[in-house]
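In the two complexes that follow, chain A is the common piece, with chain B as its partner first and chain C second.
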Partner chain A sequence: MEKIKKRMGLPNASEDLSSEMEVDAFRRLFPLRYFERHLAESIRPDGRPLMKARETSIFLGAVASANGSALVKIGSTTMLTAIKMEVMTPSLESPDEGCIAIDFHMPPICSPIVRPGRPAEASPVVSKQLSDTISSSKMIDLKELSLVSGKAAWMAYLDVYCLDADGALFDAALLSAVAALSHLQIPAVAMNDDGRIIIMSDEEGQKQEPVNKEKRKLTLKSILFSLTCILHKNYILVDPTSEEESIMETHVTIVLDTSGQLISFYKPGGSVLAYTAAIQDCVAISRQRVQELKSILENSAMEVE
Partner chain B sequence: MEINRPDGRTPNQLRPLACSRSVLHRAHGSASWAQGETKVLAAVYGPKAGTKKNENPEKASIEVIWKPKTGQIGKAERESEMILKKTLESICIRTIYPNTTTSIIVQVVHDDGALLPCAINAACAALVDAGIPLKHLAVAVCCSVTDSGGIILDPTKHEEENMKAFAYLVFPNAIVTVLPERSLQVSGESIAHGIITSVTQGAMSVDDYLHCLDRGRAASARLSEFLRKNIEPKPTSEASKAG
Partner chain C sequence: MAGKGGTTPATYSPSPATAKKKPPHLKEDWLRPDGRGFHQCRPAFFRTGAVNAASGSAYAEFGNTKVIVSVFGPRESKKAMLYNDTGRLNCNVSLTTFATPVRGQGLDHKEYTAMLHKALEGAIIVESFPKTTVDVFALVLESSGSDLPVIISCASLALADAGIMMYDLVASVSVSCLSKNLVIDPILEEENCQDGSLMIACMPSRYEITQLTVTGEWSTPKINEGMQLCLDACAKLAKIMRLCLKEAASDSQE
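For the complex of A and B:
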């Protein structure tokens, strides 16, 4: 504590008030200066270097009743994704395509800012970002979700629940959505006597031949990973917590796929302008993070098997 | 690279621009902005007393209300509201009127591609019309990437739908000042080269994105000239009529 006090350079450091109180008060009264002091020493208040993301874990199959699910933690930001498959009649415009409905929920449990009864401002925005990035990456071929052309196709309801919102919401939401999609097991279906498609239960499995015998897993053409950075003066802070997000306003979210294509470069305003050098730096850091997340996802898939 | 556009434009050619200010009588400031067929009307009310919950009362807060051409607002409109709000917050000098809210109402008149950039340009002109203190103007442009890697500017709705990817980019306009040019540069790049806002859709390579930035910067210089011309104080005869 004594060391921190010295670094903070408090004028009255020798006074007999508890030093811990001093640092805490400084943090609350001058949050930006508190952070800048840390940044000058190339460290963040939670002990991370500037370029280091928080510890990330993926647990596949967290919801037993869903067809695919994943629980993701990045630091204390926690996201739970569950996918439910239903048979539907495809639309006339695209008779041989299925559909994916993506929704992002922020229940009041996740953050003190979210009040019961009033939806959080961030949730429709993250929801739209998720469906935009997943559709623009063409990671899922919607034709694979077709069962009988013009008659039956899969409707996948992908719901992401934010259980704890501590910054980098989109990163965690995308990671959990992608993990759940990789874990998705498409249920076996059969055609009954009326020509309707029904989901087979276990006992029926012996009697009937499923319609979709081979297509029980989605092929993901590419896998997407994202990284949020904060730009502040000349510093780049990777994977911010909610405290850092509220103090420094310029956020950049980069989504890359495993083949290195840029899926999204999202910077909604912010007082710091992004110049070419900063853009290239952010992309380079995201490339490293993609490799990191890819191996975490592969490891968690192996654990399930 | 030869790219044929249905309306016969060259890849770098913007659609005809039109901007008029003070189009609404009751609003504190208003502007309409059209890029070809895309047209947006923006009105500014404020600064009004007080900020909303969860907003910093030490700064002026900005509220954006997006009105689509038809129907209810959905997720897409909410996202546009948020992007517009954050973009405008970054160009306003928010410490001058603390604990106030400025409302910006954006009414879409017609959407024929590049809607969000058009709305940002309209809102910016309306803020100037209302006399809200700004650090600099923001100019928005849409760049889209064709399958062959070529880049076209300011696509129509039809072009936007057929392209591999597109990026909405917002740049600050070049500041006219007596200060030497060197003092306005940040690590060798002029301020007008930094991006305020970037929203992309579709997959492209990183190089394609950097090309988009180059083209966008060139176009934003033309746009900011047009915007500056339109917001210059009006001739005194009109000003006295308004008074």
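For the complex of A and C:
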């Protein structure tokens, strides 16, 4: 069924057939025409207006064994992020800095196109984009991850798992990564006689002073949110589903911080050229979306408390 | 501890979870770490339709053991294999990097993959999807004991959700033997200090067993007791699974 050739070069044939064909068959055979008919009416096949993002939810603390975690849903797209803190010896060049390792995974459960042993094409792309965005934004001060100068520092392993892939993967991945970072609780640790860092337990009395008395939560200097839009002819479609992404190939991803400042802008080619006006429109919509996401994140933090 | 200089620093977890705990001194008044009775399972939670991109899926949560299974197909077989008139079952089990107390590599779990395949293949009517493949993929979100039985039960529910024909649902439960006691549905701490373990996967309505594994030291009366415990628990588990399917069906009708 997936094999049906998309976009067959038969525009006239579809014109003739469309009156007789069943809607579902028309959708499969001529997906682009099917979408364009909706777009002309300013509506999408799932009933959304062009500029509306799907329903979004955040649940903090989904993984009990992690130091910070978040489950995010944008429509059907589901991301689970967990952060585990480990200890490392900092490098000689930056003895006062910790490190953060960001990885994005697409396990075979998330989509019919991913098979075991053959990673999805999108997965390394999103992974790189995520770590570039977070490290270049200076959202996290790596000095806060230092424990004992030159001897020990935190290595934060942040792993994002896509549980259900239905478009806008980067948006959902970034949102869950940011939510997990905001949820992160750093354990109190002490250095034992061998120079190893161990977790302070309540039972063993207070023989040792914790080395990180104050640094138990990360200060997020800015909070990043993103929005992906599809450009097709003169239309802008916000927050695309995987079906929309497969039919209309040109998309732009905009990352802003809460003050509305542009952090990154990503347009990986595509057949539609982005004119200045279209870009300005996309940025304006992203500003609104940032406010929406900000309040969703704040509400989820209150639910945890 | 001297760190290895260079680009990839070696890291370690500050928690002492790696150390294998010594078995608790099993006195008369020994209690399970989570306060359960010896023959009491953790509360089971199932939900079908967890992944929209799949033909069928299920999520299972037993305490802190959390698993998602997606079923794809019946679809074209990707592997080049000999011609086969009947359908084919393909399984895969992987763990997230944060599933275990100490961060793992997130690799495929070969042993669970083989065991899941063997536990399910007897229950599926492979003649109902000739020449095609049904893919059953499981991801362990959090591992906290009795992982394989939870994966098996969850996978059979996901198969039912995908509309794959089966003789019956497959429910699976394990028991651990801790010196003189048999504890059902063990958690990770109990599995780490067990003397032996017994796992049954069965089709309760047909009273047929698809998989039985016994490891460690067991006496014959203990094996009989353990099997009876598992079979009773499987029958109860299958009722919960059936209820979950019924709820999903009545929800979709509304």
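Operating definition for what follows: the second predicted complex is superposed on the first by the 276 of 305 C-alpha atoms of A that agree within 3 Å, B and C clash if a C-alpha of one lies under 4 Å from a C-alpha of the other, contacts with A are read in each partner's own complex, and residues count from 1 in each chain.
As a working rule, contacts are C-beta pairs under 8 Å (C-beta built on N, C-alpha and C of every residue); 3 or more make two chains touch, one makes a residue touch a chain.
None of the values given here were measured: they were computed from a predicted structure.
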{"item": "Partner chain(s) touched by A:157 [first = chain B, second = chain C, both, neither]", "value": "second"}
{"item": "Partner chain(s) touched by A:92 [first = chain B, second = chain C, both, neither]", "value": "second"}
{"item": "Which of chain B and chain C A:55 touches, first, second, both or neither", "value": "neither"}
{"item": "Which of chain B and chain C A:105 touches, first, second, both or neither", "value": "second"}
{"item": "Touching partner for A:64 - first (chain B), second (chain C), both, neither", "value": "second"}
{"item": "Which partner, chain B or chain C, touches more chain A residues", "value": "C"}
{"item": "First, second, both or neither for A:298, with chain B first and chain C second", "value": "neither"}
{"item": "Chain B versus chain C as contact partner of A:46, first or second or both or neither", "value": "neither"}
{"item": "Partner chain in contact with A:277 - chain B first, chain C second, else both or neither", "value": "first"}
{"item": "Chain A positions touched by chain B in one structure and by chain C in the second", "value": "none"}
{"item": "Residue ranges of chain A in contact with chain B within the complex", "value": "113, 121, 124-125, 127-129, 132, 136-138, 249-250, 257, 260-271, 273-277, 279-280, 283"}
{"item": "Contacting residues of chain C [partner chain A, same complex]", "value": "1-5, 9-16, 50-54, 57, 64, 68-70, 72, 75, 78, 92, 94, 96-98, 100-101, 103, 106, 108, 135, 137-139, 141-142, 144"}
{"item": "List of chain B residues in touch with chain A within their complex", "value": "54, 74-76, 78-79, 82-83, 85-90, 165, 167, 170, 172, 186-187, 189, 191, 193-206, 208-210, 213"}
{"item": "Chain A residues touching chain C - in the complex, by the definition given at the top", "value": "63-66, 69, 76, 78, 80, 82, 84-92, 99, 103, 105, 107-112, 115-117, 155, 157, 159, 161, 163-166, 187, 189, 194-199, 242"}
